[in-house]
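Shared chain: chain A. Partners: chain B in the first complex, chain C in the second.
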Partner chain A sequence: MTAITFLLRRLSLSVFVFIGVLILTFFVSRVIPGNPAALYAGARPRPEQVEAIKVKLGLDKPLHEQFLVYVSDLLDGDLGESYHSRRSINTDLSIFLPATLELVIAAVFIALLVGIPIGVLAGAYPKSAFDYATRLVAIAGVSVPSFWLALIAQFIFFSSLGWLPLGGRISRDASLFYPIAAQTGFYLVDAAVSSNWDAFFDALHHLILPALVLSAYPLGVAIRMTQASMIEALAENYITSARAAGLSQRVILFKLALKNAIMPALTVVGLSFAYSITGAFLVETIFSWPGVGKYVTEAVLNVDFPVIIAVTLVVTVVYILVNLAVDLLQALLDPRVRLG
Partner chain B sequence: MTPILTIENLQVEFSTPFGAVHAIRGIDFSLARGDILGLVGETGCGKSVTGRSIMRLLDENAKVSAGRILFDGMDLLQLTDTEMRRIRGNRIAMIFQDPATSLNPLFTIGEQIKDVLRAHRGSGRGGAKALAIELLADVGLPDPAQMMSVYPHQLSGGQQQRAMIALSLAAEPDVIIADEPTTALDVTIQAQILDLLRRLQRERSISVIFITHDLGIVAETCQQVVVLYAGRVAEKGAVETILARPQHPYTRGLLAALPRPGSRGNDLRVIRGNVPSGFERIVGCAFAPRCDYVMDICRAQNPAFSVIDSTHHSACHLHEMPANG
Partner chain C sequence: MKRLLRFFLVLSLLLTPLFATVAQERNVFVYAHPVAFPNLDPSAGNSNENVVMGNVYETLTFYNAPGSDEILSPKLAESWEASADSTTWTFNLRDGVTFHDGAEFNAAAVKKALDRTIAMGEGSAWIFGMIESIEVVDDLVVQFNLQYPAPLDLVLSAGYAAWIMSPNAAEQDSAWFNDGNAAGTGPYMIASHEPSQRMILEANPDYWGGWDEGQVDTIVFDIIEDSTVLEQEIRSGNADFTYSLPFDNYGPLAEADGVVVDVTPSFQNLLILLNNVKEPTNDRLVRQAISYAFPYADVVASLYAGMGTQSRGAIPANMWGHGDELYQYSHDLDKARELLAEAGYPDGGISLVYTHVASDLDEQQVGELWRASLAEIGVELEIRGLAWEAQWDLAINDPATAQDAFGFYWWPDYITPNSWLYAMFRSEEEPFFNLGYYANPDFDMVIDEAEVISGTDRAAAEAMFIQAQAMLLDDAAAIFVVDLPDIHVIRDDVSGYVNNPAYPHVVFFYDLTR
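Here is the complex of A and B:
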């Protein structure tokens, strides 16, 4: 089976997952107590106002009709409107989603680029001082709460050293003097495409601290997973035969063993990627990062169902795509894996 | 002519939670240039450990406690890790028992050969590829150019071992240590691989240490044979004399234990008793407890080698008895 047919098959199966999530979140949001119409109406509305809004939003109709309306809007690409802010969710997400994706992608890249080499060396020299040191780093990365890490990072790099900004995606000066022409919503990409290097480095400067803090968890996971699977791979016969062939330690570790050992780390970090889309809200809040985590947290506090459903669906899609990417990567790395 | 490889009083110990295991209790032999030397013995007699000691690829809990391994004027045990890496694959290569697990499953055959070439020959891209294809053709793999892009799991066991042999030949080594290279293969494939090894050895005048427990293979393949028992050499010499006139009681027992076409229906001959454990401290001859000809001196003193003739040595007190002849 070729990669294309595999992709098509997996995507068509994923449609069912998506529909399941859609049905579940939609009906759960309608069943749990709360009065969205009253929320929409604002502070202290009169009963007839609430009734009017109910009609306007279609909340007076039977549930299955409401669902059909929602689905037909969804098929048009319309995620609806926030009950709280009355803004279009599409517009909001076009701002918040790229911000979060930029942050999470940066964090995952840091985790993989730093964590995998560390895991390789820790696995190659077990029980060395380096191994024990990395265990400590990995356990700390996984177990230290991100909000605490964020505050400490701000204290060190902003308050004490003054190297990095406190928060936000870009400084006011940069946004005034070197405005980024929005295309993808990824500041780094948009700035680089338009050769707006002042804004690029300003945005990069803002990205470093939150990305580092957010990378702590996947970093710890990447180190541990790589270390464990490296120990396994290095005990294999093909490593003995590579040593007998006089290959260098660098080739043996980073080429021959790592290719066999990298998949578990990629899988787990991939899952943490999807999780971070909404899980990053503490980091986003502390660093005033206008992302999905912050957006959906506010929506939950305001019982803003259209937003909650919309974000759930977006995260579902990200999960599906990340899992697909991990499976494709596995097939790419291992010729014995049959796509199907 | 000086031998290409000489092993002197090699002793190897494994440290275990239960104490030291004496895997090799002092062995001496040498490999002549262009010879195939069979290293035979039962499981646990130290034949594989000897091979790995030469390559310095012993597990971490193993240590060479005494001895020298002389190769081309150097003591391999004294080399630095970097110097040793330049020997491995390049001067002394190794072929392993199980080709299915000894080839890396995630790299093509071509890539694995090119890795060896890059490590020792520094060949440019095109040169390495042409050389690799030539090697694959030489080991008798069909359609060698296409074999370059094939993964190990797409090959049969015999083809995998051919690829493994191509890999070991890549850097044109002087010595190949073949550690039971045919044990994992079907009998018909075994014969083909043995033929291939013999042909390549002859054409490239490589010296080979052939580790096996199969005396039949030794008879067909080797010029010299070293019989190991419990980490010591029992008997060594030219294959035809040892197989025709074994002197050591252990070698005689081994040969008598081989099933023969005429003995169908009769019980197989066995050597009574068991191999001593590596934990034991052996006083006297290691084979004494199982030997039919055991004498008092055998339990007290480890026998020295007696020269049977210039090419044949046997470590047994029987040879010192004037009556025995």
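Here is the complex of A and C:
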């Protein structure tokens, strides 16, 4: 099967997943108690206001009609309007989604950059003190709740050492004196593109702590997976021959063994990318990081259904795409993997 | 090794606080704001965005902070007059005012802005329910024709819905405003908006009021939801103003260097509407008895770290319509027993249901203190915490099966005693906010008459509103519990700050100097 037909088949299957999620979230949001029209009207609305808003929002129509309207808007690429902020959800997501993606990408990047070398070394020297230490780190990374880790990290790096900011995405001075011209919504990219280095380092400075906290889980996964598959790879015959040929340990570990060992690690870390997006919800709230997580948390507290549905759909799409990308990447890296 | 060195060099560079404050030429004021701004559309917003509205837009009239000689002062209108029957109002507008987008401020702009607000009908727009039409009489003269008499000068000073936006902006939808666009006449303009994170306002150099040295010219709103962080920001001097800290923290904070904790009465109060229809509270004697069995001093001491004050009548102290001489119930169990006996319950033996919003711990606390006191006169109180919708639903369905006591907060949409008296106590066929189902034709007559003259003879209207409250107290229609405090924290090197409870938590930055 070629990559194209594989892609098409997977995408067409994904459509059903998407439709399932859409139906579920839409109808659940409509049947649970609450009065969206009253919410839309704001504090202490008059009864006639609530009625007028019901009509305006189409909430007086039967459920299936409301659903059809929603779907046809969705097909036009319109995710609707927040009941609480009255902002277009498309606009909001164009601000909040890049913030979350920036954070998650940074976290996964840290996980791979740090986790794979550590995993390789731990796999090369099993049962050493280093191995036990990394096991501890990996297990802690996976099992310690991120909100706890976040608070501890804030305590150490903000309160005690004063090295890193407590939260937010950019400092007040940056907003005032060297504001970033928004293009992609990824602050690091936007700042770099416009050579606004003050703002670039400011944004980086704010990114470090939440990204580190968020990387704990994929880091633990990367270490453990790399280590396990390294042990397997190092037991292979070609490694023994390489050793016999007198190749250096560095070449053996990082050039030969790693090439085979990295596959499972990449797969799992790729999947944990999608996991991290939902994990970011907690981390964002604690670090006041204005991303999708904080956005949807506010929406849940305000019973802002259009936002909750929209974010659920967007996260679904990201999940689907990341899964697909991981599968393709596997095929790309390992010719033995057949798409199908 | 070299590589490793380079790595640590870069790392240490990143970790050092590189960003020492840039030399500030601007006079920046930082408002650490505990919530995001929900709706920046001046026609529709009726929540915490009022602090942005109040500095970017202006109203025709302005409600002065308590302690001023006059209730209102001119803002975009220089003078106004009402017809003898208060149904036609003429406003003479300020000359030489321009909107931020360059459009000219005139009668046509006022008409267009308010017509938009009325047509949208969202938020607090219903306060304009009396307006039949708005006429442009002259370039700078606008006339309002009302369907019934009303104090329109007060209505137009409202902190919600009464803002005048430019004719160009009036053609935009809510989304345009919520993207951070604005065009008012106020002293500040929105310079940037990062939703849920930060907003920056900059001085409008062409402001009609002009600028003096020392006035703050750049405002930063940092949205910080965590009260611990809020407190840290104001203590460290990173922020200049904040509110919404835990009440018990204000005491120690007031001792800290460089900060002032400003406590003044707000225009919001907590009251308990008593069921005037259902037995046994339909008996005035029973209502009076349970009013005397309410532990006012204990409640005031335990809420808001003791910074509130016991209400006297429905209208908060410091607001027009408040009666200093009105009767104030006190905690008197002997009197309560006496009244109960007179009502035919010598040993008590009645049980009542008090509803409140479940998430509101203050309302719950009130219920618990009251229950303990009622128990002493043989009255049992069931405290029922409900979601607001459920509490309200129970109340509006059938008074005969509804709660006996309804815990409720009230604040005015525009500053008139009638906001309380009309909404919560005027006879209603279908209960909406009169959730004690009080119905007294004499009371209705007094407040209706007072409303008619409140535009033309405010002193006489005030006397009548006070008379109406005396009726409520005599009937024990509700328990008026506590006037809430407004508590704000400001750095002590800023001068010119005065809290104005008519515009809750709004700082008029133009008045500040440093």
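As a convention for this text, the second predicted complex is superposed on the first by the 326 of 340 C-alpha atoms of A that agree within 3 Å, B and C clash if a C-alpha of one lies under 4 Å from a C-alpha of the other, contacts with A are read in each partner's own complex, and residues count from 1 in each chain.
Assume a residue touches a chain if its C-beta (ideal position, glycine included) is under 8 Å from a C-beta of that chain, and two chains touch if they have at least 3 such contacts.
All of these numbers come straight from a predicted model, not from anything done at the bench.
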**Request:** Consider chain A as the common anchor and indicate whether chain B and chain C clash or fit when overlaid.
**Result:** fit
**Asked** On chain A, which partner's contacts cover more residues, chain B's or chain C's?
**Response** C
**Prompt:** Is A:Thr240 contacted by the first partner chain B, the second partner chain C, both or neither?
**Reply:** first
**Prompt:** Touching A:Asp173 in the superposition: chain B (first), chain C (second), both, neither?
**Reply:** second
**Asked** Can A:Leu164 be said to touch chain B (first), chain C (second), both, or neither?
**Response** second
**Prompt:** Who does A:Pro335 touch here: chain B (first), chain C (second), both, or neither?
**Reply:** first
**Asked** So, A:Phe201: does it touch chain B (first), chain C (second), both, or neither?
**Response** second
**Fill in**
Value for angle(chain B, chain A, chain C) over C-alpha centres, in degrees, nearest 10, is 160
**Message:** Looking at A:Asp304 after the superposition, I want to know if it touches chain B, chain C, both of them or none. Which is it: first, second, both, neither?
**Reply:** neither
**Asked** Rounded to a whole Å, what is the shortest Cα gap between chain B and chain C in the overlaid structures?
**Response** 21
**Request:** Would you mind listing the overlap between the chain B footprint and the chain C footprint on chain A?
**Result:** none
**Fill in**
The residues of chain C that touch chain A in their complex are 14-19, 21-22, 26, 28, 30, 36, 38-39, 41, 44-47, 121-124, 126, 174-175, 178-179, 192, 194-198, 200, 218, 220, 222-226, 229, 389, 413, 432-433
**Message:** Looking at the complex, which residues from chain A come into contact with chain B?
**Reply:** 236-238, 240-248, 251, 255-256, 259-260, 333-336
**Message:** Taking the touch rule as given, give the residues of chain B at its contact with chain A in the complex, in rising order.
**Reply:** 55, 57, 85-90, 93-94, 96, 98, 101-107, 115-116, 119-120, 151, 153-154, 164, 167-168, 170-171
**Prompt:** Which of the residues in chain A come into contact with chain C in the complex?
**Reply:** 33-35, 38, 41-44, 46-47, 49, 52-53, 81, 84-88, 91-92, 95-96, 162-164, 166-177, 179, 198, 201-202, 204-205, 208, 288, 290, 294-295, 298
